[in-house]
Structure formats: C-alpha cells, structure tokens
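Each structure below appears as structure tokens.
Paired with chain B in one complex and with chain C in the other, chain A is shared by the two complexes that follow.
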Partner chain A sequence: MIKKINNYLIVFFYVAACHAQIDARFVKHLATNKLQAEHRAYLNSFTVPFDSLHYYKAKYYLQYFNDSLLLTNYTQSKNLCFNDQEFIASASKLILLQSKPIFQDAWFASMVNQENTKAKKYFEAIYMATTEPLAFNEKELVPELQKPFLSYKKVCGKKPVLGAALSTVVPGLGKWYAGKPKSALMAFVLNGSYALQTWESAGKLGIRHPLTIINASAFAIFYLSNVYGGYRAIVDLRKERKKQFIANAAGYYN
Partner chain B sequence: MCQKLLLIFFLASLLGRGQDRPVNDELLKVSFEPYKIEKTKTRKLLRFKKKYAAYNPLNYAGAGLLYLYQNLVSEQIQANCSYQISCSEYTKLCIQHHGFIIGTLRGFNQLSECHPGAIYEHPQLFINGNKIINGLDKED
Partner chain C sequence: MLRGIIISVLLILCSVLLQAQAPLADSLLAYEYRYFKCSNDTLKQGILHQKINYYLKNGYTGEALFEEHKRLKYNLLLDAQQKKIFLWNATLVSYLNNQSEYSALYLEEYLKATADSSLNAELLKVLVYKYSDSVKVNRVIKKLSKTDGQFKDLECFAEVALYNRKHKNFYLISSLIVPGSGTAMNGRALKGLVSLALVGGSAYGVYQLVQYGLYINAVLWGSGVGLKFYSGNVKLTQKTFEEKEAQQKNKLANKCELKLKNLLTKYPLSLRGL
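Up next, the complex of A and B:
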C-alpha cells in the first residue's frame, strides 16, 4: 500500500514539475544582468495569468519602477509578495520616495490586514510620520531618525501664506521665517537696492524717464517674486526635508 | 500495476511537453533585434503642457530673451550658477510648465536665491558636488 502511494507521489511531483511555468533562476539572471527587454518579453510570454507570474511582474515593475503597474500586480499576488520582506521594504521605500500620495495611500492600505513583520512596522511608522508629522511622536522612531524628522516637523508647523504675507511687509522676511536666513538677507539687499535706485532715478530724472521705468520694472519683478518666494520657500522646504527624512529612514533600514 | 504507472508517466510527459512555448524564439528576437535609429524629432522652441499656452506670445518672448541670454551673454560673463539646472534654464522650464507669470516669478525667485550660501540651506540629499539639485517635481 505504501509502495503504491510512493509511486503515485513520484508521479504527482513529476507532473507538478512539468507544470512549473516560470523558471525562477532564469528570471533572477535577467534581473541581475538588467536585461530589461528580455525580462519583459519573458514575463509577457505567459498568456494565462497566475499568482507567481503576478509576483514576478511586481518584482519587474519594482526594478524598473512603475508604481501603478507594481500596485496592480502586487494586489493580485499579495500573499506571495508579502512573504518576500526584501520586496516589501524596497517597494515601500521607492513608493514613499517617488510616488504620488494617492499611490502611497493605496500601498499602505493594502498592508493593513497582513501579518505584522519588521518591514511592515518600520515603513508604516515612516508613512505615518510623513503624512501626519505634527501628530506623530518622534520617540516612536529610532534615535538616528529623530533629528531629520524634527527638522521636517518644524517646517510643517509653518504656514506658506504667512511666509508670503511677511515677505510683502519686509522683503526676505518670509524666507527668514521659512528658515533660510542667507537667502532672506540676499532678497532684502536686492529689493532694497532696486527700490533705492528707482526712488533716486524718479527723483532726479522724473517718473516718465525710460531709466526710471526700467528700474521700476526690475524692482516690481523682484518684489513680486520675493512675495511668491516667501510662499514657495516653505512649500519646497517641506518637500525637501520630507524626502531627506525618507531617504535617511530607508538607508537606516538597509 | 507497472503498466499503469508507465502509462501515467507517458501521459504526464506529454502534458509537460504541452507546456513548452516558443519563449526562446521571442527572447532571441528581442535580444538580437537590429538597433533602430530613431527619427530626429522636429525641434520646438518650447514644449507646453497646456495647449492654449502655445498661443501666448509672451511665452515666446520670454523664452526668446532667455535663449539670447544663454547663447550670447551667459558665455561672455562666465556665469556660474549655484543650481544644477541654471537659473535661465529653470525659468524657461517653469514658463513651459506653469505659464508666463508663475514661470517668471519662480525663475526670478531662484535668481534671488542664487548665491554661494544657498547650498547650506538645503538638505544633503539635494546637493550634488557644489550644486543644488532643483528639478521640477512630478507634482508640479
């Protein structure tokens, strides 16, 4: 009886081996040698979709980053993908760094019901820290990441409109408020000198003189750009510090 | 019994053969496909994001002035910008992406921040050598 079962098992494994459709070692070779065209052609040669094909496709779209296709394939082979912690970590890192917020939300929402692994916990904390920095407690992070997070949190507490308003009152003050004292000084000196020049030429040559008009136009452009810059300084600094924090966090995980 | 097993093996091997696909031919075709020489696209002065922006003469005037500055003045004065995308190129890109008013304001804003001390006001990730990385974002 046991002999019979053994024979049937051998046949079963043989048939299963015949059915193994993806050559994992070949895919690894294509991925490590960065043969993108061959990699894509090989994966696209399978006409019938199945779990492991979606998993390998998700890995392909992670290597040659395409967030929407990565998410599509990931959702179709979630359990397989989630067993590969390296995949989860590098996908989370790239999505946090390069994707739009809508993809980030979809990625982390898809992880909610999954098992609590090290990569999941770590990157969920980073995601929470970047989406709601003011409500997030920095002590939940490792000490090495607290400093970049605090510098990001500091900028998030500032209001871009207030920056623009301050720049309207005193040129450069908005940039000072954002945390760019050198640029603030530069903007103040630049605007001040153009304003003085315009004032002087208007007094000596008259308002309708071409030189006065040129000076006034230059002052107007620099003044308006300084007001806009007061607003942009905070918005841009937020993005930059967020990316720096995520890059630090991803580097620390590796 | 033995005959039955042999029959199953034979059928299984047939099944296995059925899975063979002409993958190799496809891969060979992809690998040894002759390199195609792409046709050179017609060069446009500006590539606008929005269609109607192409009908605004101010955009062309601004881009034209910047083109003149880049080709005539910039080389003569040996301008050395603190940013990876120079202020004039950045202004041109901003005009393409955001239109004349916002583009000019952004460009002049960068110009007023273009000084050696600006490098200390950006995070390390945005510094490349002694230049500040200032690409236009995806969200922009």
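Up next, the complex of A and C:
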C-alpha cells in the first residue's frame, strides 16, 4: 500500500516537474535587471531538464559569460538556440573575442549542419577568415571589413623566421619587415652604437681589456635581443591585427 | 503498515522543514517574482523594500544590495516611515560599498525627508562627507562637540583632506645638484646612496674614457647610461616624495579612522527597521 502511494507520489512530482513552464518574461526581467543570483536560482529550480531550460541556461551563461557551460547547454538545445539569431550572433561574437581556439572550433563545428542564416553566415566567415586567412577570399566579407582583414592577411603572409634571419643580417631589418620602421631604426642605432664602442675600445685598448669585454658583452646581448625581437615582432603583430579584425567584425554586425 | 505511515509522515515533515530554510537566493527569487507579478508601481516598491530588508536581515551588505537600492524608486514609497528607513539604510549601504556620491545623495534625501538633527544623523554626516567636504564636517563637529568633547578628535579629517606635503621642488633640485640627496631626504637613504654611486660612477667612467682618448665610448656611455642614471635619480626622488606623501596621509587617515571607530562604538550607527 505504502509502496503504491510512494510510487504515485513519485509519478505525480515527476509529471508536475515535466509540466513546469519557464516564464520567459520573468527570465527577461531577471536578465535585464542583471539579477544574477535570482536568475540562477530560478533556472536551477527546474529539476527535470528539458530543451527550453537548456536554452535559457545557455542564454544565462552567455550573459554571465562562461564558454564551457554555454556550449554544454547549447548542444542540448541546438534547435531552440538556433531559432534565436540574436543569441547566435552574441554568442559567436563573445566566443570569437574571448574564448580559446578549442571552444571556437567546437562552437563553429556545432553550427555546420544548421540552416544558413544571416548571423551564421557572417560569423562563420569571420571564423574562417581568422583561422585560415591566407586561403580566405576577402570578397566573402562585407566591404567595410575587407581593409582590416587585408591588413591581417598581409601580416599572416610574413614569416617570423625570416624576420629573425633579416635581423641577424642587419640589426632592425626584421622589425622593418614586420612594418615597424621606428622600432627598426632604434634597434639599428643601438646595435650600431655598441658595435662602434667595441671596435674603438678593441682598437685602442686591445681585445682582452675589461672595457672591450664589457662593450662586446653589451653588444652581444643587444644583438641577440634584436634577432629575437625580429621574430617576436611578426608573431605579436599577427595577434594584434587578428584581435583588431575580430573586434571590427563584432562591432560591425547589426 | 503503521510504521510505514509514521516514517512517511516524518519524511514529509523533514522535507517541509528543509524547504522552510530556503537559501538566500531562493527567497530573493520569491521576492523578485512577487515584484515582477505586481502591476501597481507603489506596491512594487514596497516589495522591493521587503527584499532589501531580507538582505539586511541576513547580514548581507554587498554590491548586489547596493544595486537593489538603486532600483527602488523611493519617491513612490507611500509610508513615510518606510521611506525614512530606506534612505537611512541606503546611505549606510552606499557608504559600506564605497559609493560616496550615492551615500551623499541618499543622506541629502534623508535629511530633506526627516529634518533629523539627532546625534546619529550628525555623525552619519561626518561619515559621508569626511573626505569630500571639510567645511561641512567641521561645522558638524563643532555642533557635536557641545554634546561630547571627544567629537573634537574628528577635526583631523579636515587635515587629511587638505594634506599636501610641501617643498617638492626643493627635493627635486637637491637631487639635480647632488644625485640621490632628495631621495635620501625622503627617508630612502640606501636608494639615495645607490643613486649617488651610480651617477658618480658613470661620471667618473666617462671622465676616464676621455682621458684614454676613447671619445666614442665616452659620448655613447655618457649619453646612454650616464644620462639614464641621472634622469632616473630625479624620477626616483619624485616617486619617493609621492610615496612619502601618501604614507603620511594614510597614517593621518588611519589615526582619524581609529578615533572615529572609538566614537562609533560609543554612539553606534545601525541599520534601521530590521
């Protein structure tokens, strides 16, 4: 008898929970007023998972950005999420701007089989442009984004190793190659000065004199830094231009 | 059978008791849901006020509570007493959250609504304006010291607000003439000595290079390293001067805060309506 009652109770609570409806207007109210604790408590009050709950949770993790939980909930409510183009656009924007490549790959891979909407097409193009810039045709982008993309693509065509090699031959040349003429001139003057000092002291005091050794050491340090700097200049410039391009693209949408 | 029923009843009672101790977020959610469902603007503010009081009863005075205060339209609170309580608490919560502009705003509104000239209200004025309005604070202290001479101790806040270390240029010029001297006078004797040694050593090195006829070395070491040490010595003096200024200001402020703390123990300012 008791067993029966218990079974009925379980079935009753299960059915009640299954029929629980999320009040979309209330969720919007919580999101607009940035009531994070209440928002989380409300979503957690639904114990039985269902599609729309995952959709609202994905939106929650988009607002209080957590890419891992956003992706988890998104994959469990893909169709619902995909109907909300504003959500797709905002999530793509934030993932491109803030997430690690592994999350970016997972996010865009999950969109492959979905319908081709404006947001999907736009952000997929941005993603492709940033992951494979050399193979990407700039004409696939809106005209306003072509210039920042070309500037990024141009840097991607440059090789860091070549930058280092150029700096080895002529100090500062690697930075010049990276497109930093002021920095290149500075490196050239600095290395030239130390070389000149070393040459003068070696000529007048001999190669074993402490001053010559100090000068030669300083020259060696600056020379090696200049070689590494030639390499870093291109790597850093790539990152900088990529960030700039994504920021422009994210800002341009809408 | 009977044993089964008793166990079930006990289980239900336990679950009811557990439900009764809902966590803070759940209770806040309940208030928020009532607020959301309510269509009357005045009633809404009442519910929000209850929510604020619930935060306070649970000993929470953080940023989320401050944000709730900002949401409440206190002009719509019908109960004058409720409005007074809200404004008083809002002043204190804003103060605790280092929101000086809001605490000043709420205090002004509170004084407008109540014309409260009690000792507590005056003390709250000191708390809110202590670093921003020395004239007002001094006026309040004068008034308060008629009740208790100990309040005169709080005059130090005006000194803190107006504190500026003098003769900055003297220290800088001193370092320009004798490298490191300004830094040493700012209480950093070792750093001053290191500055003197570096600049002096560089100058001597350049002199020796000239003596040996190493003119390129002399020019490049002098303009590169020597000048860097010399300008660095002046910058260090400026930095140590500012550090010392901030240190002394902090020292004064800490002393004042301690005096204020003692007075607040004697005349506590507490949240109202709880």
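One rule holds in what follows: the second predicted complex is superposed on the first by the 208 of 254 C-alpha atoms of A that agree within 3 Å, B and C clash if a C-alpha of one lies under 4 Å from a C-alpha of the other, contacts with A are read in each partner's own complex, and residues count from 1 in each chain.
The rule is short, and it goes like this: a residue touches a chain if its C-beta (ideal position, glycine included) is under 8 Å from a C-beta of that chain, and two chains touch if they have at least 3 such contacts.
Fair warning: this is a prediction, and the values are worked out from it, not measured in the lab.
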Can A:I207 be said to touch chain B (first), chain C (second), both, or neither? neither
When the two structures are overlaid on chain A, which partner does A:Y228 contact: first (chain B), second (chain C), both, or neither? first
For A:S183, using the defined touch cut-off, is the partner it touches chain B, chain C, both, or neither? Pick first, second, both or neither. first
Check the residue A:Q197 against both partner chains and state whether it touches chain B (first), chain C (second), both, or neither. second
Counting only touches as set out at the top, which of chain B and chain C does A:N33 meet: first, second, both, neither? second
Quick one: is A:V169 in contact with chain B, with chain C, with both, or with neither? Answer first, second, both or neither. neither
Which of the two, chain B or chain C, is in touch with more residues of chain A? B
After superposition on the shared chain, which partner residues are touched by A:Y42: those of chain B (first), chain C (second), both, or neither? both
Is A:I102 touching anything from chain B or chain C once the two structures are fitted on A? First, second, both or neither. neither
What is the shared patch of chain A, the residues that chain B and chain C both contact? 35, 37-38, 41-42, 45
Under the definition above, what is the set of chain C residues touching chain A in their complex? 1, 4-5, 8, 23-26, 28-29, 32-33, 36, 64, 67, 71, 209, 212-217, 220-221, 224
Contacts from chain A onto chain B in the complex sit at residues 4, 7, 11, 14-15, 17-19, 21, 35, 37-38, 41-42, 45-46, 98, 100, 148, 175, 179-180, 182-183, 186-187, 190, 221-222, 224-226, 228-229, 232, 239-241, 243-244, 247
Please output the residues of chain B touching chain A within their complex, sorted ascending. 1, 5, 8-9, 12-13, 15-16, 19, 21, 23, 26-27, 29-31, 33, 102, 104-109, 111-113, 115, 117-118, 120-126, 137-139
Spell out the residues on chain A that touch chain C in their complex, using ranges where they run on. 1-2, 5-6, 25-26, 29-30, 33-38, 40-42, 45, 193-194, 196-197, 200-201, 204-205, 211, 215
